[in-house]
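I have a structure I would like to understand better, so I am pasting it below and will then ask my questions one at a time.
Going by the order they are written in, the chains are A, B and C; count residues from 1 in each one.
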Amino acid sequence: MAESRGPAPAGPPSRSRLGRWLERERVFRILPLIPVQALVLALLFVPMVLTVYISLLRWRITRGFWTEAPWGGVSNFLDALTDEGFFDAVGRTFLFAGGAVVLELALGFGLALLTYQSFRGRRFYFTVFLIPMMIIPVVVGYDFSMLLIDTGPLNAVLSALTGLDVRVRWLSEYRAAQVAVILADVWQWTSLTFLIFVSGLAALPRDPIKAARVMGATRWQVFRHVELPLLKPVIVIAVVIRTMEALKIFDMPMLLTQGGPGNATETISIYLWRNAWIFNKISYAAASSLILLVVFTVLIYLSIWLLRRERRQLEAETAR
Amino acid sequence: MIRRRHVFAIVRHALLLAWTLVVLFPIGWMVMTSFKDAGDWVSWPARWVPFVDFEPTLMNYRQIFHFGDTGALRREQTEQAYNIWKATFDSVVIVTVASVVSLLLGSTLAYAISRFRTGGPNYPYTVLTIRMLPPIVVAIPLLIYYASLPEAFTWLLGRRVEFFDTYYGLTLLYIVTTLPYVIWMMLAFIDEVPRELEHAARLMGASRLATIRKVVFPLVASGMAVTLLFVFILNWSEFLLALTLSQPKVLTLPVLLNKFQSAVEGRLYGPQAAIGTVVTIPVVVLGFLIQKHLVKGFSFGMIRR
Amino acid sequence: MRNLGIVWALVLAVLATGVASAQQVPGNTVEERAVNGAKAYLKKIGVDRLEQTMMMVSLFAKAQPKYLDEWEKLTGIRIKTIEYGYTEIPAKIMADAVAKTGQYDIYNHQMYMLPDAVEAGAVVALDDYAARGKPYFDDIAKTLRSEMYYKGKLYTFFTDGDQTVLALRQDLLDLPEARKAFKAKFGWEPGCPDTWKQWEELASFYQGKKGDKFYGMVLDKDLYGAQEYRAREFGYRWWQGRYISKGKLFFDRNMKPLIDGPEGVETTKEQVSLTKYMPKDIFGWGTPQNYPFFAQGNSFSIATFPSLVGYSQNAQGTVLKGKVLSCIVPGSMVGGKLVRRSIQPAGTNYMVSKFSKHPEAAYWFLQWFTGPEVGNRTVADRDGFWEPFRVGQDKDKNIVARFGEQFVKVTLENAKIAVPMIPLQGNREYLDALDVALQEAYHGRISAEEAMKRTARQWEKITDDIGRKKQVEAWKYVVESGAYFDAAGY
């Protein structure tokens, strides 16, 4: 899009010096950037550099101050890359994110489809469905830890529904705990995918749809060939946002299972936290997190590239 | 035809009601537990109906709000810990300030990016990378950084400025970590505002600031509301950085909630449920108020009618 | 000139005696000396009030304040507490070591925290103060006492006897027909077992399903033969006691792990075997689950923290009042002799922060609070979680009233044979490696041998990472202090 190149402003005659200075495009363009960049540099850049430096030392908190720790070079990175625990945590987290996000997308989309058109009671459902994402993940973790105990309400409900005596040990059995974390995550974040999809559906341009109906397409055909492709960017957004957050997840599993039983629900963040805070292996944690940062960045740029492509496609299509 | 529509409506309502139950069940349970006495927290079979299965009590709320004698968990000398007043105050102050400042800074920058390509075409995407980091990655370097900053300040300004366990220390971090989302979202909203409108205003002699105030702002107001809510929720829920970089002078609600565990009694479900309930209310209310704008807001620039 | 020399000598002599007498703090009891020491310190710095801060485990929130009030009345030093959950405190102490805020004067946590805290430079050695204040430890078991030291220096005081105990159901033992049948089957009179094998025999016998006829009574619910912690963060504690009872150390003098030997494998096998008599949920249970389960009469025996016994007598919903028999922890036969070993799996630890502005004042509080007289009061305190450990506490009326005479006698016996968990830097890491391997073994996913091999491998890595020389040196102090009696392998 072209730069804003309007004619020089005539402006009302009485103008303060500050006002005139602000009018200049160069100033207006750069000024907002300064505080943001300053904050980012001051608060994030330096710690990042520090993280890189620490990852090259062999520092444990119990080894004196970080300025005295011996040099380690790439040894921490090699340790991370040869550590089973690290790979297990990464694999686990990706599996978890995959499972949870797929479910959230499917449920969110389904619910959005059912509610995006007006009908009686829509407002009520809408309000209710949005609540879970507004609840603090820490609260969700704690809440579900209460619901999922062996003698808890979930097992009670399942027993009532199935007529059997259901006593799934959600929090103390390996696989069940993993399912529990996914359940809690899906419960909370379907809310967000629902919102995204509803917005997307509501914003669909009417003309192509009307045109297709006029030309005799069935509901299903309209959906599949007109609406769905137009929704692709929205779907991509939902996937990117949710996957990003799911891979970083910490609060909820921490409160729910503390990474247990054993390592069953130890996500990447919990693994890093454990190494940094319980074992005091700061350098190792720094190195493994840098490795993860690289992985994440690659993923993110991939998805951003996807996003931009979608956006460009959408713009191209609607311009037509 | 009519019959089909009716069937469809019934099926729709059935499915939606099912999910409504799924949504409300954990919340309802938490609220009920907040009114239960210790013996009823975890019992088999579960105690469902107030006044029938169990005797509701305000004990948990009394305990967290320190009204009157709270029995087993009364505190005297200890300075803090289970004090929800302080935690609420701290959370409200820090989160509100951080969210508002982040919104303002991010929106102005988003405007500049939208109209002037500030920072280059890749800037919005690089700034999003900030959000990609698991916070655990920077938590300890931040700790070290915050611990060393006072020395730097003393050397530079002759005054010792503390960052660790301070209000502004945490607030500044919250601002920085939410800026990417603000920029991204506001960029989408601002991009939707046609430049022609602004050009017209400028041609008629309005200054840049006036243009923004009178032309752009009203059109992105819903977008700003949505962004504010989103960012507020993020900051309100933030746990890890607060856990690492605060206490005891600063105590936010998520950190407080985490404290209600003990080796002997395990999870103190009642008080935790009470706090959980109290903590959720403001956000839900805020969400309810902004509901109208939410749908529009989340279109991310897809609205092209 | 000569006169000057004499004057000098006189001056020095006077100074020497003056200084020497200033060293010793007056007082007839440990507590008196502590109070006098504190008051003298305040005078020295020229104030009559002082405020200090303690980072405290939230468990003690109800019990601690009264002692702090008393201390304030006695000395004018007001200690305010800031509570954290016991899972948060290690991270907070480490954070303090990095941030050096000077905000806390005293750290309160569990004994195993000591090595890491010392190595992180977060705590102060107390030998100098102790030389002046003369606290009294001789009535504390040698092995427990060793936990107060690290590399030969004193850092903390022992104040809580968490040594594990084995509790049995007296009411089931009393069933006459069961007694006869057991004796006929196993050849010894059922009661407190001497060996781990005997405990397993008891567990295999005293169990049944709901509705079963059990030697003259009908079980109204499932009865499990045993309970022992099997959850993450817990199982490995009882493993260590059992292992040491087989007469081997954890490491040899070069810090090479010895646990992958036959003793270690046998320990793991025994624990795995016993698990079949435990409820399936045991893998997820901490204290909040284990205690009520036992107190509601669901199991025959439990190897546990000592506070269970009191819990089973007084907690709401218990059906075992007067029905619990406390036992000395069983052992193994080593070279024809019975070697019993208990483990000190937690305990309470008070350390003085290196960043405190007045470490001496903090020290005096520790000496006072853990002294024999105040110590007895804290143990007897029903709001507290401190347990008996000093010789002679079975004569204290209040302590016996709170815990019951049989238990107190038994736990003091257990104190004599209690060994510390690995008291080295990085112990969380060593124990976590053991924990992970044990969990795999408990669930039957890997064999006992494999679990021990893996742990040993991990331990070698950890030692190398921390610095073998450092660990060898620290381990030398540990073994020479007698913390592990005469376990072999050094």
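As a convention for this text, a residue touches a chain if its C-beta (ideal position, glycine included) is under 8 Å from a C-beta of that chain, and two chains touch if they have at least 3 such contacts.
Not measured: the values here are computed from a predicted model.
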What is the shape of the graph in which nodes denote protein chains and edges denote touching chain pairs (line, ring, star, complete, other)? complete
Contact-richer chain pair (by C-beta pairs counted) among A-B and B-C: A-B
Determine the centre-to-centre distance between chain A and chain C, using the mean Cα coordinates as centres, and give it in whole Å. 43
Mind checking the centre-to-centre distance between chain A and chain B? Centres are C-alpha means, answer in whole Å. 14
What is the distance in Å between the mean C-alpha positions of chain B and chain C? 42
Where chain C touches two or more other chains, by residue: 91, 98
Residues of chain B touching 2+ other chains? 140, 144, 258, 267
Send over the residues of chain A in touch with two or more other chains. 66
Touch list for chain B against partner chain C, complex: 39, 72-81, 140, 143-144, 146-147, 164-165, 243-244, 247-248, 258-259, 261-267
Contact footprint of chain B on chain C as seen in their complex: 56, 58-59, 61-62, 64-65, 68-69, 80-88, 91-92, 95, 98-101, 103, 286-289, 291, 307, 311, 316-317, 385
Touching chain C in the complex: which residues of chain A? 58, 60-66, 150, 169, 171-174, 260-263, 277-281
Given the complex, residues on chain A that touch chain B span 1, 3-4, 6-7, 9-12, 15, 19, 22-23, 25, 28-33, 35-36, 39-40, 43-44, 46-48, 50-51, 54, 66, 107, 110-111, 114-115, 119, 121, 125-140, 142-147, 149, 151-153, 156-157, 187, 191, 195-196, 198-200, 202-206, 233-234, 237, 244, 247-248, 250-251, 254-255, 268-269, 272-273, 276, 282, 285-286, 289-290, 292-293, 296-297, 300-301, 304, 308, 311, 314, 318
Give the list of chain B residues in touch with chain A in this complex. 9, 12-13, 15-16, 19-20, 22-27, 29-30, 33, 41-46, 105-106, 108-109, 111-112, 115-119, 125, 127-142, 144-145, 172-173, 175-176, 179, 183, 195, 198-199, 202-203, 205-209, 233, 236-237, 239-240, 253-254, 257-258, 267, 269, 272-273, 276, 279-280, 283-284, 286-288, 291, 294-305
